[in-house]
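What follows is a set of notes on a single structure, which appears directly below.
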Amino acid sequence: MPKIKIKTKGHYDFIDITDEVAGIVKKSVVKDGVVVVFVAGSTAAITTMEYESGFINDIKETLEKLAPENADYKHHQRWDDRNGAAHIKSALIGADVAVPIEKGELSLGTWQKIVLIDFDEKPREREILISLLKG
Amino acid sequence: MPKIKIKTKGHYDFIDITDEVAGIVKKSVVKDGVVVVFVAGSTAAITTMEYESGFINDIKETLEKLAPENADYKHHQRWDDRNGAAHIKSALIGADVAVPIEKGELSLGTWQKIVLIDFDEKPREREILISLLKG
Amino acid sequence: MPKIKIKTKGHYDFIDITDEVAGIVKKSVVKDGVVVVFVAGSTAAITTMEYESGFINDIKETLEKLAPENADYKHHQRWDDRNGAAHIKSALIGADVAVPIEKGELSLGTWQKIVLIDFDEKPREREILISLLKG
(Lines give C-alpha, C1' and ligand atoms only; values in the text may rest on other atoms or scores of the structure.)
Protein backbone atom coordinates (compact mmCIF):
# COMPACT_ATOMS: atom_id res chain seq x y z
CA MET A 1 0.00 0.00 0.00
CA PRO A 2 1.41 3.43 -0.91
CA LYS A 3 2.36 5.59 2.06
CA ILE A 4 3.34 9.19 2.56
CA LYS A 5 5.79 9.92 5.38
CA ILE A 6 5.81 13.47 6.71
CA LYS A 7 7.73 15.17 9.49
CA THR A 8 5.42 17.62 11.26
CA LYS A 9 5.95 20.31 13.87
CA GLY A 10 2.77 19.57 15.87
CA HIS A 11 0.74 22.40 17.50
CA TYR A 12 -1.74 22.83 14.65
CA ASP A 13 0.61 22.03 11.80
CA PHE A 14 -1.48 22.12 8.61
CA ILE A 15 0.18 20.30 5.69
CA ASP A 16 -1.25 20.21 2.18
CA ILE A 17 -0.76 16.65 0.87
CA THR A 18 -2.88 16.99 -2.28
CA ASP A 19 0.03 16.81 -4.72
CA GLU A 20 1.47 13.69 -3.11
CA VAL A 21 -1.93 11.95 -3.17
CA ALA A 22 -2.59 13.07 -6.76
CA GLY A 23 0.82 11.71 -7.79
CA ILE A 24 0.06 8.29 -6.29
CA VAL A 25 -3.36 8.28 -7.99
CA LYS A 26 -1.81 9.19 -11.35
CA LYS A 27 0.61 6.26 -11.20
CA SER A 28 -2.05 3.72 -10.17
CA VAL A 29 -4.26 1.57 -12.40
CA VAL A 30 -7.42 3.04 -10.82
CA LYS A 31 -8.89 5.48 -13.35
CA ASP A 32 -12.37 5.61 -11.82
CA GLY A 33 -12.96 4.98 -8.13
CA VAL A 34 -12.03 6.34 -4.73
CA VAL A 35 -8.84 7.08 -2.82
CA VAL A 36 -9.03 6.73 0.97
CA VAL A 37 -6.46 8.89 2.79
CA PHE A 38 -5.90 7.81 6.40
CA VAL A 39 -3.51 9.00 9.10
CA ALA A 40 -2.35 6.38 11.60
CA GLY A 41 -2.49 7.98 15.06
CA SER A 42 -4.95 9.67 17.38
CA THR A 43 -3.57 13.21 17.67
CA ALA A 44 -3.75 14.13 13.98
CA ALA A 45 -6.56 14.43 11.43
CA ILE A 46 -7.22 14.44 7.69
CA THR A 47 -9.83 16.68 6.07
CA THR A 48 -10.41 18.75 2.93
CA MET A 49 -10.26 22.56 2.99
CA GLU A 50 -9.03 25.62 1.17
CA TYR A 51 -5.34 25.86 2.04
CA GLU A 52 -4.97 29.54 2.81
CA SER A 53 -3.05 31.08 5.74
CA GLY A 54 -5.92 33.38 6.82
CA PHE A 55 -8.35 30.47 6.97
CA ILE A 56 -5.84 28.28 8.80
CA ASN A 57 -5.65 31.01 11.42
CA ASP A 58 -9.46 31.15 11.66
CA ILE A 59 -10.02 27.42 12.13
CA LYS A 60 -7.18 27.29 14.66
CA GLU A 61 -8.94 29.98 16.70
CA THR A 62 -12.27 28.12 16.60
CA LEU A 63 -10.67 24.83 17.62
CA GLU A 64 -8.62 26.52 20.33
CA LYS A 65 -11.82 27.90 21.87
CA LEU A 66 -13.38 24.44 21.73
CA ALA A 67 -10.44 22.60 23.31
CA PRO A 68 -7.53 24.86 24.35
CA GLU A 69 -4.07 23.30 24.10
CA ASN A 70 -2.99 24.55 27.52
CA ALA A 71 -6.04 23.52 29.54
CA ASP A 72 -5.87 20.68 32.04
CA TYR A 73 -7.14 17.35 30.76
CA LYS A 74 -7.73 14.09 32.60
CA HIS A 75 -5.76 12.38 29.86
CA HIS A 76 -2.59 14.09 31.17
CA GLN A 77 -2.85 12.13 34.39
CA ARG A 78 -2.53 8.86 32.53
CA TRP A 79 0.51 9.60 30.40
CA ASP A 80 3.40 11.95 30.88
CA ASP A 81 2.25 14.27 28.12
CA ARG A 82 0.12 17.35 27.53
CA ASN A 83 -1.72 16.45 24.32
CA GLY A 84 -5.28 15.97 25.63
CA ALA A 85 -6.63 18.73 23.39
CA ALA A 86 -4.98 17.11 20.37
CA HIS A 87 -6.86 13.86 20.99
CA ILE A 88 -10.20 15.68 21.16
CA LYS A 89 -9.71 17.53 17.85
CA SER A 90 -8.46 14.40 16.13
CA ALA A 91 -11.54 12.38 17.16
CA LEU A 92 -13.92 15.18 16.08
CA ILE A 93 -12.41 15.85 12.64
CA GLY A 94 -11.46 12.26 11.93
CA ALA A 95 -8.47 10.37 10.58
CA ASP A 96 -9.80 9.59 7.11
CA VAL A 97 -11.19 11.14 3.98
CA ALA A 98 -12.47 9.44 0.80
CA VAL A 99 -12.02 11.38 -2.44
CA PRO A 100 -13.44 10.33 -5.82
CA ILE A 101 -11.09 9.56 -8.73
CA GLU A 102 -12.26 10.35 -12.25
CA LYS A 103 -10.14 9.67 -15.36
CA GLY A 104 -7.11 9.14 -13.13
CA GLU A 105 -7.46 12.47 -11.36
CA LEU A 106 -8.75 13.59 -7.95
CA SER A 107 -12.24 15.12 -8.23
CA LEU A 108 -11.76 18.02 -5.84
CA GLY A 109 -13.26 21.51 -5.96
CA THR A 110 -11.06 24.30 -7.36
CA TRP A 111 -9.73 25.40 -3.96
CA GLN A 112 -10.32 22.15 -2.09
CA LYS A 113 -7.15 20.48 -0.84
CA ILE A 114 -6.46 17.30 1.15
CA VAL A 115 -4.84 18.45 4.39
CA LEU A 116 -3.12 16.68 7.28
CA ILE A 117 -3.45 18.53 10.59
CA ASP A 118 -1.05 17.57 13.35
CA PHE A 119 -2.43 18.67 16.71
CA ASP A 120 0.19 16.93 18.86
CA GLU A 121 2.31 18.84 21.35
CA LYS A 122 5.60 17.94 19.69
CA PRO A 123 7.08 17.20 16.25
CA ARG A 124 6.05 13.79 14.91
CA GLU A 125 6.82 11.62 11.94
CA ARG A 126 3.43 10.76 10.45
CA GLU A 127 2.49 7.89 8.20
CA ILE A 128 -0.41 8.46 5.82
CA LEU A 129 -1.88 5.41 4.11
CA ILE A 130 -3.25 5.72 0.59
CA SER A 131 -5.80 3.07 -0.41
CA LEU A 132 -6.91 2.94 -4.03
CA LEU A 133 -10.34 1.44 -4.71
CA LYS A 134 -11.63 0.68 -8.19
CA GLY A 135 -15.16 1.87 -8.95
CA MET B 1 -19.17 8.76 -12.53
CA PRO B 2 -22.76 9.63 -11.56
CA LYS B 3 -23.20 13.18 -10.29
CA ILE B 4 -26.00 15.11 -8.62
CA LYS B 5 -26.25 18.80 -9.44
CA ILE B 6 -28.10 20.96 -6.92
CA LYS B 7 -28.80 24.66 -6.72
CA THR B 8 -28.53 25.78 -3.09
CA LYS B 9 -29.36 28.97 -1.25
CA GLY B 10 -26.28 28.96 1.02
CA HIS B 11 -26.51 30.20 4.66
CA TYR B 12 -27.09 26.78 6.23
CA ASP B 13 -29.10 25.26 3.41
CA PHE B 14 -29.81 21.64 4.40
CA ILE B 15 -30.78 19.45 1.44
CA ASP B 16 -31.83 15.81 1.77
CA ILE B 17 -30.20 13.92 -1.13
CA THR B 18 -31.04 10.39 0.06
CA ASP B 19 -33.56 9.65 -2.69
CA GLU B 20 -31.19 10.79 -5.46
CA VAL B 21 -28.36 8.64 -4.04
CA ALA B 22 -30.69 5.65 -3.55
CA GLY B 23 -31.88 5.99 -7.15
CA ILE B 24 -28.31 5.89 -8.47
CA VAL B 25 -27.53 2.88 -6.26
CA LYS B 26 -30.64 1.06 -7.49
CA LYS B 27 -29.65 1.47 -11.16
CA SER B 28 -26.04 0.36 -10.60
CA VAL B 29 -24.58 -3.17 -10.75
CA VAL B 30 -23.30 -2.89 -7.16
CA LYS B 31 -25.62 -4.99 -4.99
CA ASP B 32 -23.27 -5.29 -2.03
CA GLY B 33 -20.64 -2.65 -1.27
CA VAL B 34 -20.32 1.01 -0.44
CA VAL B 35 -21.39 4.32 -1.96
CA VAL B 36 -19.13 7.30 -1.33
CA VAL B 37 -20.97 10.63 -1.49
CA PHE B 38 -18.62 13.60 -1.89
CA VAL B 39 -19.22 17.32 -2.39
CA ALA B 40 -16.64 19.20 -4.45
CA GLY B 41 -15.95 22.48 -2.65
CA SER B 42 -14.76 23.78 0.71
CA THR B 43 -17.80 25.68 2.01
CA ALA B 44 -20.27 22.77 2.01
CA ALA B 45 -20.43 19.42 3.81
CA ILE B 46 -22.04 15.99 3.58
CA THR B 47 -23.20 14.05 6.64
CA THR B 48 -26.00 11.76 7.79
CA MET B 49 -28.77 12.97 10.13
CA GLU B 50 -32.47 12.91 10.82
CA TYR B 51 -33.96 15.42 8.40
CA GLU B 52 -36.39 17.31 10.61
CA SER B 53 -36.89 21.09 10.77
CA GLY B 54 -36.60 21.32 14.57
CA PHE B 55 -33.30 19.48 14.54
CA ILE B 56 -31.98 21.54 11.63
CA ASN B 57 -32.68 24.60 13.75
CA ASP B 58 -30.82 23.06 16.71
CA ILE B 59 -27.66 22.12 14.83
CA LYS B 60 -27.64 25.52 13.13
CA GLU B 61 -27.66 27.19 16.55
CA THR B 62 -24.80 25.02 17.81
CA LEU B 63 -22.70 25.67 14.71
CA GLU B 64 -23.50 29.38 14.79
CA LYS B 65 -22.17 29.58 18.36
CA LEU B 66 -19.01 27.74 17.29
CA ALA B 67 -18.31 29.91 14.22
CA PRO B 68 -20.78 32.78 13.69
CA GLU B 69 -21.46 33.73 10.07
CA ASN B 70 -21.12 37.46 10.73
CA ALA B 71 -17.89 37.44 12.73
CA ASP B 72 -14.66 38.78 11.26
CA TYR B 73 -12.33 36.16 9.83
CA LYS B 74 -8.78 36.49 8.55
CA HIS B 75 -9.92 34.63 5.45
CA HIS B 76 -11.99 37.69 4.45
CA GLN B 77 -8.80 39.71 4.01
CA ARG B 78 -7.59 37.35 1.31
CA TRP B 79 -10.66 37.21 -0.89
CA ASP B 80 -13.47 39.63 -1.42
CA ASP B 81 -15.98 37.44 0.37
CA ARG B 82 -17.46 36.83 3.82
CA ASN B 83 -17.58 33.04 3.99
CA GLY B 84 -14.86 32.35 6.58
CA ALA B 85 -17.34 30.64 8.92
CA ALA B 86 -18.52 28.41 6.07
CA HIS B 87 -14.99 27.10 5.50
CA ILE B 88 -14.60 26.23 9.19
CA LYS B 89 -17.84 24.21 9.37
CA SER B 90 -17.09 22.46 6.10
CA ALA B 91 -13.65 21.30 7.30
CA LEU B 92 -15.05 20.10 10.64
CA ILE B 93 -18.02 18.10 9.30
CA GLY B 94 -16.29 16.93 6.15
CA ALA B 95 -17.05 16.66 2.46
CA ASP B 96 -17.64 12.90 2.28
CA VAL B 97 -19.67 10.07 3.70
CA ALA B 98 -19.47 6.33 2.95
CA VAL B 99 -22.74 4.39 3.23
CA PRO B 100 -23.03 0.59 2.95
CA ILE B 101 -25.11 -0.96 0.16
CA GLU B 102 -26.91 -4.23 0.84
CA LYS B 103 -29.03 -6.04 -1.76
CA GLY B 104 -28.97 -2.93 -3.93
CA GLU B 105 -30.27 -0.63 -1.19
CA LEU B 106 -28.71 1.94 1.15
CA SER B 107 -28.26 0.51 4.67
CA LEU B 108 -29.33 3.58 6.62
CA GLY B 109 -31.17 3.77 9.94
CA THR B 110 -34.93 4.46 9.84
CA TRP B 111 -34.61 8.23 10.20
CA GLN B 112 -31.05 8.58 8.93
CA LYS B 113 -30.75 10.62 5.74
CA ILE B 114 -27.80 11.69 3.58
CA VAL B 115 -27.73 15.48 3.74
CA LEU B 116 -25.82 18.19 1.89
CA ILE B 117 -25.27 21.34 3.94
CA ASP B 118 -24.33 24.48 2.09
CA PHE B 119 -22.73 26.99 4.48
CA ASP B 120 -21.65 29.49 1.83
CA GLU B 121 -22.74 33.13 1.94
CA LYS B 122 -24.54 33.02 -1.40
CA PRO B 123 -26.47 30.60 -3.65
CA ARG B 124 -24.25 28.01 -5.31
CA GLU B 125 -24.59 25.25 -7.84
CA ARG B 126 -23.12 22.19 -6.15
CA GLU B 127 -21.77 19.04 -7.73
CA ILE B 128 -22.01 15.87 -5.68
CA LEU B 129 -20.00 12.87 -6.85
CA ILE B 130 -21.37 9.39 -6.33
CA SER B 131 -18.77 6.61 -6.32
CA LEU B 132 -20.00 3.02 -6.28
CA LEU B 133 -17.63 0.42 -4.84
CA LYS B 134 -18.24 -3.32 -5.04
CA GLY B 135 -17.78 -5.23 -1.79
CA MET C 1 -22.61 -8.13 4.90
CA PRO C 2 -21.00 -8.74 8.31
CA LYS C 3 -22.66 -6.88 11.18
CA ILE C 4 -21.83 -6.23 14.81
CA LYS C 5 -24.76 -5.95 17.20
CA ILE C 6 -24.13 -4.09 20.44
CA LYS C 7 -26.31 -3.18 23.38
CA THR C 8 -25.39 0.30 24.58
CA LYS C 9 -26.32 2.37 27.62
CA GLY C 10 -26.61 5.70 25.74
CA HIS C 11 -25.54 8.99 27.40
CA TYR C 12 -22.04 9.05 25.94
CA ASP C 13 -21.43 5.33 25.92
CA PHE C 14 -17.99 4.80 24.33
CA ILE C 15 -17.48 1.22 23.07
CA ASP C 16 -14.21 -0.03 21.58
CA ILE C 17 -15.15 -2.25 18.62
CA THR C 18 -11.61 -2.65 17.19
CA ASP C 19 -11.28 -6.35 18.07
CA GLU C 20 -14.63 -7.23 16.50
CA VAL C 21 -13.76 -5.34 13.30
CA ALA C 22 -10.25 -6.87 13.20
CA GLY C 23 -11.76 -10.35 13.62
CA ILE C 24 -14.10 -9.82 10.65
CA VAL C 25 -11.19 -8.47 8.55
CA LYS C 26 -9.03 -11.48 9.47
CA LYS C 27 -11.67 -13.96 8.29
CA SER C 28 -12.33 -12.12 4.99
CA VAL C 29 -10.60 -12.59 1.63
CA VAL C 30 -9.58 -8.91 1.55
CA LYS C 31 -5.86 -8.76 2.34
CA ASP C 32 -5.25 -5.29 0.98
CA GLY C 33 -8.00 -2.68 0.85
CA VAL C 34 -10.33 -0.78 3.14
CA VAL C 35 -12.96 -1.61 5.76
CA VAL C 36 -15.84 0.85 6.10
CA VAL C 37 -17.42 0.80 9.57
CA PHE C 38 -20.87 2.42 9.65
CA VAL C 39 -23.49 2.78 12.39
CA ALA C 40 -27.12 2.81 11.27
CA GLY C 41 -28.87 5.58 13.22
CA SER C 42 -28.64 9.31 13.82
CA THR C 43 -27.87 9.53 17.54
CA ALA C 44 -24.61 7.56 17.51
CA ALA C 45 -21.22 8.02 15.84
CA ILE C 46 -18.12 6.09 14.79
CA THR C 47 -14.61 7.55 15.01
CA THR C 48 -11.04 6.55 15.83
CA MET C 49 -9.39 7.58 19.11
CA GLU C 50 -7.21 6.42 21.96
CA TYR C 51 -9.52 4.42 24.21
CA GLU C 52 -8.56 5.69 27.65
CA SER C 53 -10.93 6.66 30.47
CA GLY C 54 -9.28 10.06 31.13
CA PHE C 55 -9.58 11.04 27.49
CA ILE C 56 -13.17 9.79 27.29
CA ASN C 57 -13.94 12.13 30.17
CA ASP C 58 -12.21 15.03 28.39
CA ILE C 59 -14.02 14.66 25.07
CA LYS C 60 -17.33 14.22 26.91
CA GLU C 61 -16.76 17.56 28.65
CA THR C 62 -15.94 19.32 25.37
CA LEU C 63 -19.01 17.89 23.63
CA GLU C 64 -21.21 18.64 26.62
CA LYS C 65 -20.19 22.31 26.44
CA LEU C 66 -20.94 22.35 22.71
CA ALA C 67 -24.39 20.73 22.99
CA PRO C 68 -25.51 19.96 26.57
CA GLU C 69 -27.71 16.88 27.00
CA ASN C 70 -30.19 18.68 29.23
CA ALA C 71 -30.70 21.85 27.21
CA ASP C 72 -33.95 22.51 25.39
CA TYR C 73 -33.95 21.65 21.71
CA LYS C 74 -36.53 22.33 19.04
CA HIS C 75 -36.26 18.66 18.08
CA HIS C 76 -37.96 17.74 21.39
CA GLN C 77 -41.14 19.43 20.23
CA ARG C 78 -41.43 17.07 17.30
CA TRP C 79 -40.99 13.76 19.07
CA ASP C 80 -41.64 12.69 22.60
CA ASP C 81 -37.95 12.40 23.42
CA ARG C 82 -35.04 14.41 24.78
CA ASN C 83 -32.19 13.40 22.48
CA GLY C 84 -31.69 16.64 20.51
CA ALA C 85 -28.08 16.95 21.70
CA ALA C 86 -27.39 13.38 20.60
CA HIS C 87 -28.45 14.18 17.04
CA ILE C 88 -26.12 17.19 16.89
CA LYS C 89 -23.04 15.25 18.05
CA SER C 90 -23.83 12.37 15.74
CA ALA C 91 -24.05 14.63 12.67
CA LEU C 92 -20.81 16.43 13.60
CA ILE C 93 -18.64 13.36 14.26
CA GLY C 94 -20.25 11.19 11.62
CA ALA C 95 -21.58 7.66 11.28
CA ASP C 96 -18.72 6.16 9.28
CA VAL C 97 -14.98 5.58 9.26
CA ALA C 98 -12.80 3.98 6.57
CA VAL C 99 -9.71 2.13 7.81
CA PRO C 100 -7.00 0.67 5.54
CA ILE C 101 -6.32 -3.08 5.54
CA GLU C 102 -2.79 -4.28 4.92
CA LYS C 103 -1.81 -7.97 4.84
CA GLY C 104 -5.17 -8.85 6.37
CA GLU C 105 -4.77 -6.51 9.33
CA LEU C 106 -6.16 -3.08 10.26
CA SER C 107 -3.56 -0.35 9.71
CA LEU C 108 -4.23 1.68 12.84
CA GLY C 109 -1.78 3.67 14.96
CA THR C 110 -0.51 2.02 18.17
CA TRP C 111 -3.17 3.56 20.43
CA GLN C 112 -5.78 4.26 17.77
CA LYS C 113 -9.01 2.31 18.23
CA ILE C 114 -12.29 2.18 16.31
CA VAL C 115 -14.95 3.43 18.72
CA LEU C 116 -18.75 3.55 18.67
CA ILE C 117 -20.19 6.44 20.68
CA ASP C 118 -23.84 6.22 21.64
CA PHE C 119 -25.17 9.68 22.52
CA ASP C 120 -28.83 8.69 22.81
CA GLU C 121 -30.82 9.31 25.97
CA LYS C 122 -31.59 5.65 26.58
CA PRO C 123 -30.10 2.18 26.04
CA ARG C 124 -30.18 1.07 22.42
CA GLU C 125 -29.34 -2.00 20.41
CA ARG C 126 -27.01 -0.78 17.67
CA GLU C 127 -26.22 -2.39 14.35
CA ILE C 128 -22.79 -1.68 12.90
CA LEU C 129 -22.23 -2.60 9.26
CA ILE C 130 -18.81 -3.79 8.14
CA SER C 131 -18.09 -3.37 4.43
CA LEU C 132 -14.92 -4.95 3.04
CA LEU C 133 -13.46 -3.38 -0.09
CA LYS C 134 -10.60 -4.91 -2.07
CA GLY C 135 -7.78 -2.52 -3.01
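Going by the order they are written in, the chains are A, B and C; count residues from 1 in each one.
By our rule, a contact is a pair of C-beta atoms (placed from the backbone, for glycine too) under 8 Å apart; a residue touches a chain by one contact, two chains touch by 3 or more.
This one's a predicted model, so the numbers in the text were calculated from it and none came from an experiment.
Judged by the touch criterion defined above, the protein chains are all mutually in contact, each touching every other. For the touching copies chain A and chain B, the fraction of interface residue numbers used by both falls below half; the interface is of the different-residue type.
Chain centres here are Cα means. That of chain A falls 19 Å from that of chain B.
Contact of a single residue of chain B with at least two other chains is seen at positions 66, 92, 94, 98, 133. Put simply, chain C touches chain A in their complex at residues 32-34, 47-50, 52-55, 57-59, 62, 66, 92-94, 97-100, 102, 107-109, 111-112, 115, 133-135.
In the complex of the two chains, the chain A residues touching chain C come out as 1, 36, 38-42, 66-67, 73-78, 84, 87-88, 90-92, 94-96, 98, 129, 131-133.
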